[in-house]
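Working notes, structure below.
Note that the chains take the letters A, B, C and D in the order they are written out, and that residue 1 is the start of every chain.
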Amino acid sequence: MPDGDTPGGTLWDLADAERAAAAVLPAAVRDFVAGGSGRERSRDGNQRAFDRLHVVPRVLRDVSGCSARSTLLGRPVRMPVAVAPVAYQRLLHPEGERATARAARAAGVPFTVATLSSVPVEEVTAVGGTVWFQLYWLRERRRTLDLVRRAEDAGCAALMVTVDVPWMGRRLRDARNGFALPAGVRAAHLGGGASSAHRPSAGSAVAAHTAETFSPAVTWSDLEALRAATRLPLLVKGVLAPEDAARAAGLGADAVVVSNHGGRQLDGAVPAVDALPGVAEAVGASGTPCEVLVDGGVRGGADVLAALALGASGVLVGRPPAWGLAAAGEAGVRRVLDLLADEVRDALGLAGCARVAQARELRTVRVP
Amino acid sequence: MPDGDTPGGTLWDLADAERAAAAVLPAAVRDFVAGGSGRERSRDGNQRAFDRLHVVPRVLRDVSGCSARSTLLGRPVRMPVAVAPVAYQRLLHPEGERATARAARAAGVPFTVATLSSVPVEEVTAVGGTVWFQLYWLRERRRTLDLVRRAEDAGCAALMVTVDVPWMGRRLRDARNGFALPAGVRAAHLGGGASSAHRPSAGSAVAAHTAETFSPAVTWSDLEALRAATRLPLLVKGVLAPEDAARAAGLGADAVVVSNHGGRQLDGAVPAVDALPGVAEAVGASGTPCEVLVDGGVRGGADVLAALALGASGVLVGRPPAWGLAAAGEAGVRRVLDLLADEVRDALGLAGCARVAQARELRTVRVP
Amino acid sequence: MPDGDTPGGTLWDLADAERAAAAVLPAAVRDFVAGGSGRERSRDGNQRAFDRLHVVPRVLRDVSGCSARSTLLGRPVRMPVAVAPVAYQRLLHPEGERATARAARAAGVPFTVATLSSVPVEEVTAVGGTVWFQLYWLRERRRTLDLVRRAEDAGCAALMVTVDVPWMGRRLRDARNGFALPAGVRAAHLGGGASSAHRPSAGSAVAAHTAETFSPAVTWSDLEALRAATRLPLLVKGVLAPEDAARAAGLGADAVVVSNHGGRQLDGAVPAVDALPGVAEAVGASGTPCEVLVDGGVRGGADVLAALALGASGVLVGRPPAWGLAAAGEAGVRRVLDLLADEVRDALGLAGCARVAQARELRTVRVP
Amino acid sequence: MPDGDTPGGTLWDLADAERAAAAVLPAAVRDFVAGGSGRERSRDGNQRAFDRLHVVPRVLRDVSGCSARSTLLGRPVRMPVAVAPVAYQRLLHPEGERATARAARAAGVPFTVATLSSVPVEEVTAVGGTVWFQLYWLRERRRTLDLVRRAEDAGCAALMVTVDVPWMGRRLRDARNGFALPAGVRAAHLGGGASSAHRPSAGSAVAAHTAETFSPAVTWSDLEALRAATRLPLLVKGVLAPEDAARAAGLGADAVVVSNHGGRQLDGAVPAVDALPGVAEAVGASGTPCEVLVDGGVRGGADVLAALALGASGVLVGRPPAWGLAAAGEAGVRRVLDLLADEVRDALGLAGCARVAQARELRTVRVP
C-alpha cells in the first residue's frame, strides 16, 4: 500500500487495500484470507447482499456536527465497528496481531484477538485499547475455561464465543493449495498450530488442526455455563436464526453477531445482512438488552450505514484490516480503519444523520 | 481423475470429477451425459435453483456424533442419496454399471439400474448392495411385465418407474453430434440398442431407439396395474405437479421423485428443486405414507441439505457418479460418493443438525 | 441453411435458421429483420420473458396420439401458429412472400401478407392456403378501404389490423445503416416503397415512407367502422393493455394479438408474453368470443406451450420464417415451420397434453 | 460529434453524444462528469432502474397532433424536461453555461445555472429563455441570500435549492485522478473555485472547495426562511424520502426533484426513479400543489415517458446536455435536446398519448 502522501497512491476505498495486499502476499496466503467454503456462495453472497441494499436518505437536517461515534457493549467507540477475529495474523505481517491491535486502539475501535492468534493475548492487551477475546470451545473443557481466565487476566474487555465452528468448513482454496502454516507462525494459545505436520487427507492443515482441537459438541448449556463462568460481557458470534439469537439474548448474551463466518463455514448459509432484520426483530422482541452486530461483506461506510438501518448496533470487519496489515503493517491497518471511519461519517451525514442512532430510522430498499 | 493420495490432485468437489471426466471422454459422450433438451433452460435451471437456495443454520447443538445416515424406502443408507438411473454406462467405462453398483454398495447407497443399462440387471445385483430397477414402459405390455419380473427375480429392492418419457426430449447436442452407441454398447435388457443403425432423421440414434421401444400411452391405470403387479416398493420418477404426486401417493407409490429428468425432457419444465416444496406439501396433505425424493442439479452436500430442508427424504445423483465412472471406474464413483457423503455430513453439522431428520426444520431463503 | 439430408447440417432449432440467414444476408438487411427500436429493451425482453417462463408438466396421460392440431379463427391449423406479417420479403429472397406463403400452406398454418408486402396479395393468395391480410391504416381512408376490398377480393381469410404503428418506432440499426430498399423491392400495394429516394433526416428510408403513408390518427371509431365494413374475421394486432383488448373484443374483434411489434415500436413496451395473462383475463371477462394470440420472442415449441398455458389460442412467428426464407427460400421456411410443428407436438406431449386444449391447464412459473 | 448532415454521423441516441464527448474530453474531465460516489451503485442503479421500467402502451387513440409540450412550474415548455445544474461547464467548452443556456432556450426548455457555474448568472440570463438558479447553501448566510438576490435580479425564473449536499460525496474517480480545475475555470459566483490550490488530502480539489464553502447545517427552518425570502418559485432538489417531499410541499415548495444527485452523493442511495412513486404519492396526499420532478439516469424519451407514468411532471437531464456541450458546444447541446424532444414525442405517441397528461395514466411494469 503506497504512502498516503503520494498523490495517486492513496487508499481511496477498501478495495484498494485488497489490491495492495494481493500485490505482496503469496497466493496461498491471499487465498487463506479471501476464501470461503464450497462453491463460495455465502462468501460472495455476503457482499452481493450489501451491494443490493440501498437506503432512503433524509435531508435538511443539520449534520455539521455529524459523528460516527457510538458505543459497543457500553463502551465508546469512534465508529460502530470492531475488528473481527482473524486467525494467524503473523501470516500477513511479522508483527501480526500486535500491529492490528495498535492500529485499532489508535482508530478508537475494539480489536478482537482470536483463539487462533499467532500472538499471545497478553502481548495484545499490552498494546492497550479495547481488546475482546474470541473463544473457540476446545475439546477439553478445562482448557477452554483456562482460555477464558487467561483472557480475563490479560485484561480483555469482552468475550466473543464463536458458535458456528463445530469444525472448519470445507475451504477448497486451502485444500487445493495444500495450505499449511509456515514455520514460525503458530497458535499462540494452543501450544501448537496448523503446521505442515498436520497435512490433512481431506482439507488443509489448518482444518485438520481445528478438527483435533475444537469441540463439535458445544450446546446451549455450555453457553449457559460460560455465562455463569465469567463477568465479562459476552458476544455470541455466528448466529443467523432469529430463535437462536433470542435464546442467546435470553441466556444473558450482551450481543449476538449475525454472521456466516465470512462465508467460510456452511456454504449456502444465508448472507449475513439478509439475516440481520429477522435477528434484530427477534432480539428486540425478546425484551432482553442485547446488541446485534453483523459481519461478512462490509466493504465501506455505506454498508455500515445499511447495517445500522437494518437494526445493527455495529459491524465487525475482518478481511479489510487484514489487507491493511499485509500491505503496510500497523500503518496499513490504521489507514483502513481511518478510511472506514471517514466513510461511515460521510454516509451518516449524506443520509441526514448527525448521530448513529438516527441511522436506525432510515428505510432500506433491496435493488435487484 | 488423479489418485487421492497425490496432493493437488485430490477430488475436492464434484466439479473436479466433471473436469476429470471431460478430460478422458470423447466430446460426443461427454455431451450425451451433460446435455439437456432444447435451449437447456431446465438443465441449467436445476443447478441455478440450487445455487440460489440458502439455508438458515442453527447453532449450539451437539453435532459431535453427526451422521448423514438415514433410510430410503425403509432401508438404512449411509446418506440420503441414491444413484440415479443413467443409461449405457459402458459408454463411460468398460465395466459400466457393474463398477458403479460396486461403488454404490461400498458407499452404502442404493444403485438404480436402468432399463437402458448396458449390463444386465442380474450382473448388477450380483454385485450386492441395494439395487433399484428403473422401468420404462415398453410398447409391449408383456415385455414390460417381463422386465418387472426379471428385476424381481434378480433381487432388486425397488422399482422406479419413469413417467416423464413418453418419448425422448430433443437433445440437440446428441442430434448435432449424430450421436450413436459404439459397437459393443447395447441395451442389455432390450435385445437391441441405439446403435448407428438407428440413424435418426430428427434426433440421435438413441432418441430413435427410444421412440421405437417405449410407450407414449402410459396412464394412471397402468401405474395402478403395476402397483398391483409387484410387491416391490415403487418409486414414481419424473413428477413435478403437486396433484400428480398426490395421485401417485394415493395409488400406493412408496416414493415420488421430483425431477425434470436432468433437464433432458421438456425444456422449460420447472427446475426440480423449485417444484419440491409444492410436491412435499401435497404428498404430506394426501395422508398417505410416501417419500419425496428430488433429482437434477445436486452438486454437493449443501444441495442435499437444502433438499432435505424443503421436505425431501433424499436425492438422486446421476451425472456426478457418471463423471467418477468415466474418470476412474469403480474407484472414481466411490470417490465421488465418499466425497458427497463427507459433504452431506459436513453440511448437516455446520447447520446444527446431528441427524438428517433435523434438517427438515431448517428454514430456506432464495437469494437472487 | 444446409440441406436437411446432410447429417450435421440439419436445422435442429430455430437459432440454426437465424445463423443460416445471417450467413447469407447483407448486414443491413439482417439488421432490418433483427433490430428493435431504441435501446432494444422490448426486443430483447420478449425473448428473455419466454426464457424465464417455465411450465409444470403433467404425467401419466396417454400422449400416443398427441397432436398440435388446433384451430385459429375457427379454421383448422396444423399447429396453433400463424406466420406474422413481415414487410418486404423480397429483401430476403427473390420469391419473397410467394415462397413464404407456399411454405405456410404446405405446413398447414396461416400466412399473413403485409400491407408492405413486396408481392401483391393476389399473387400470394394464388398460392392457396389460408392467407390473412395485415392492414395498416393509410392516411387516405379511401385507399385503406380499397386495401380491405382488395384483400377480400383476393380471397384473404381474415383481416389483421395493426394498431401500434401511428408511425414507425426509432429503429436505430436501420438509421445507422442508412437502410433503404434496393431497386426492385417495393411496397406492392402502395405504389411506392421506401426506396433510397426516401432518404430520411431522422431515420431510415423505410421510416420516412411509413410516416408519409400511414395515419397516426386511427381511433376506436375507425376500428368500429372497419368492423362494419367487412365480414372477414378481424384480428387486432399490437394490443398490450387489458382494457384495450377487452374493448376490441367488445367491438367485435375475432382475435387480439398481444404484441409489442417485436420490440420495434415503443422501446420499453412491456414484453408481450408478460402482458398476455392480463389480456387473456380481460378478454375472458368481457364475455365476448375473442381469441388471444401473442407474438414476439417465440423461438421454439416450448414457447408456444408456455403461451398456451398463459391463455393464448396461438402465436405468430415473424423472424423465424424470415430466416428460413433468407437461407433457403420456400424450402427454408418450410423447414422452419416443420421444425416448429415438431417442437410444439414434442412440448405438448412431454407436458402430458395430448391436445392443445389441455395446455391451457398447465401451471407456469417464472424463474429468475 | 459529427455534423447532423453527414449520414452515418448523425446523433441517433443520447449514447452517441456520450461517445462523442468521450472522444474529445480529457479522461479526468470525462470522469468528473461521468463519475458517481463510492462503488457507484447509485449512479449505475439510476440507469438500470430506468432500463427495468416498462410501460403498457395504449392504442387506437389519435396521436396525429401528438405533442410533448407541457408546463413546468406553470410555464410552457417544449417537453417536460429541464436542463439540470451541472457545475463548471467551461471545463467542457470555452463558452460553458452560455452555450448550454442558448441551446436550452432554442429547444424550449429551462436551463438551470448552478451556484458553481463557471459563467456568471447575469451572462446566462442575458441569453434569454427560462433560467433557473440552483442554490447551494453557503456557510455564510448573508452570502447565500446575496446569491438569491443576484439570481432574482438577473431574471431567473425559479430557485432550485439543492438539499443533498451537506458536503460532496466521495467521488473516487476525481480523487484518483487528483482532479482540479484548470486555470481559467472558476466558480463565477463564489470568487474562487476548486483550483489546484485546493489540493485535498482526502478527495479532489473540487471536494475540498465544496467543503470550505457550503454549509452542512442547513435545516427545514432554513428552507422556511428561504421560502419567505423570495417570491420566486422554489424547487427542492435531492429528495428521496416521501416524508421529506411532503414536508417540502407543506412548506411551500413549488416542486421537489427526486434525485440522488446522479449517484454522486450517498453511494447506496435508492435509485431516483425507484423512489419516485412513493414521493409522488406522498406529495399528492399532502394536498398542497407541488410538482414532482426526477433526475438521474434519464437517457431517452422512453425514460421520460416512464417517469411521467410514475407521477412525475417532468425530468431533469444533466449529463446528456453536458456531452453535447463537450462534443460540439451550443450546437451539440441543441442536438441533444432536439433529439430528446423527438424521442419524448415518439414515446408519447407510440404509447397512445397525444398529450403529456395522458402519460400519467399508463401502467408501468418492472421487468427483471
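Some points to look at:
In this text, contacts are C-beta pairs under 8 Å (C-beta built on N, C-alpha and C of every residue); 3 or more make two chains touch, one makes a residue touch a chain.
Heads up on the chains, UniProt names are A, B, C, D = Alpha-hydroxy-acid oxidizing protein.
Source: prediction; values computed, not measured.
Fitting subunit B to subunit D on Cα positions gives a rotation angle of 180°, stated in steps of 5. If each chain is reduced to the centroid of its CA atoms, subunit B and subunit D end up 58 Å from each other.
Remark: subunit A and subunit D have CA centroids separated by 41 Å (rounded to whole angstrom). For subunit D, the set of residues touching two or more other chains reads 368.
A ring topology is adopted by the chain contact network, closed into one cycle in which each chain touches exactly two others. By the touch criterion given at the top, residues 4, 7-8, 10, 12-13, 51, 53-64, 66, 299-300, 302-303, 305-306, 342-343, 346-347, 349-351, 363, 365, 367-368 of subunit B touch subunit A in their complex. Listing the residues of subunit D that touch subunit A in their complex gives 38-39, 41-42, 45, 48-49, 52, 163-164, 166-167, 169-170, 172, 175-176, 178, 199, 201-202, 215-220, 222-223, 238-241, 244, 260, 265-271, 274-275, 368.
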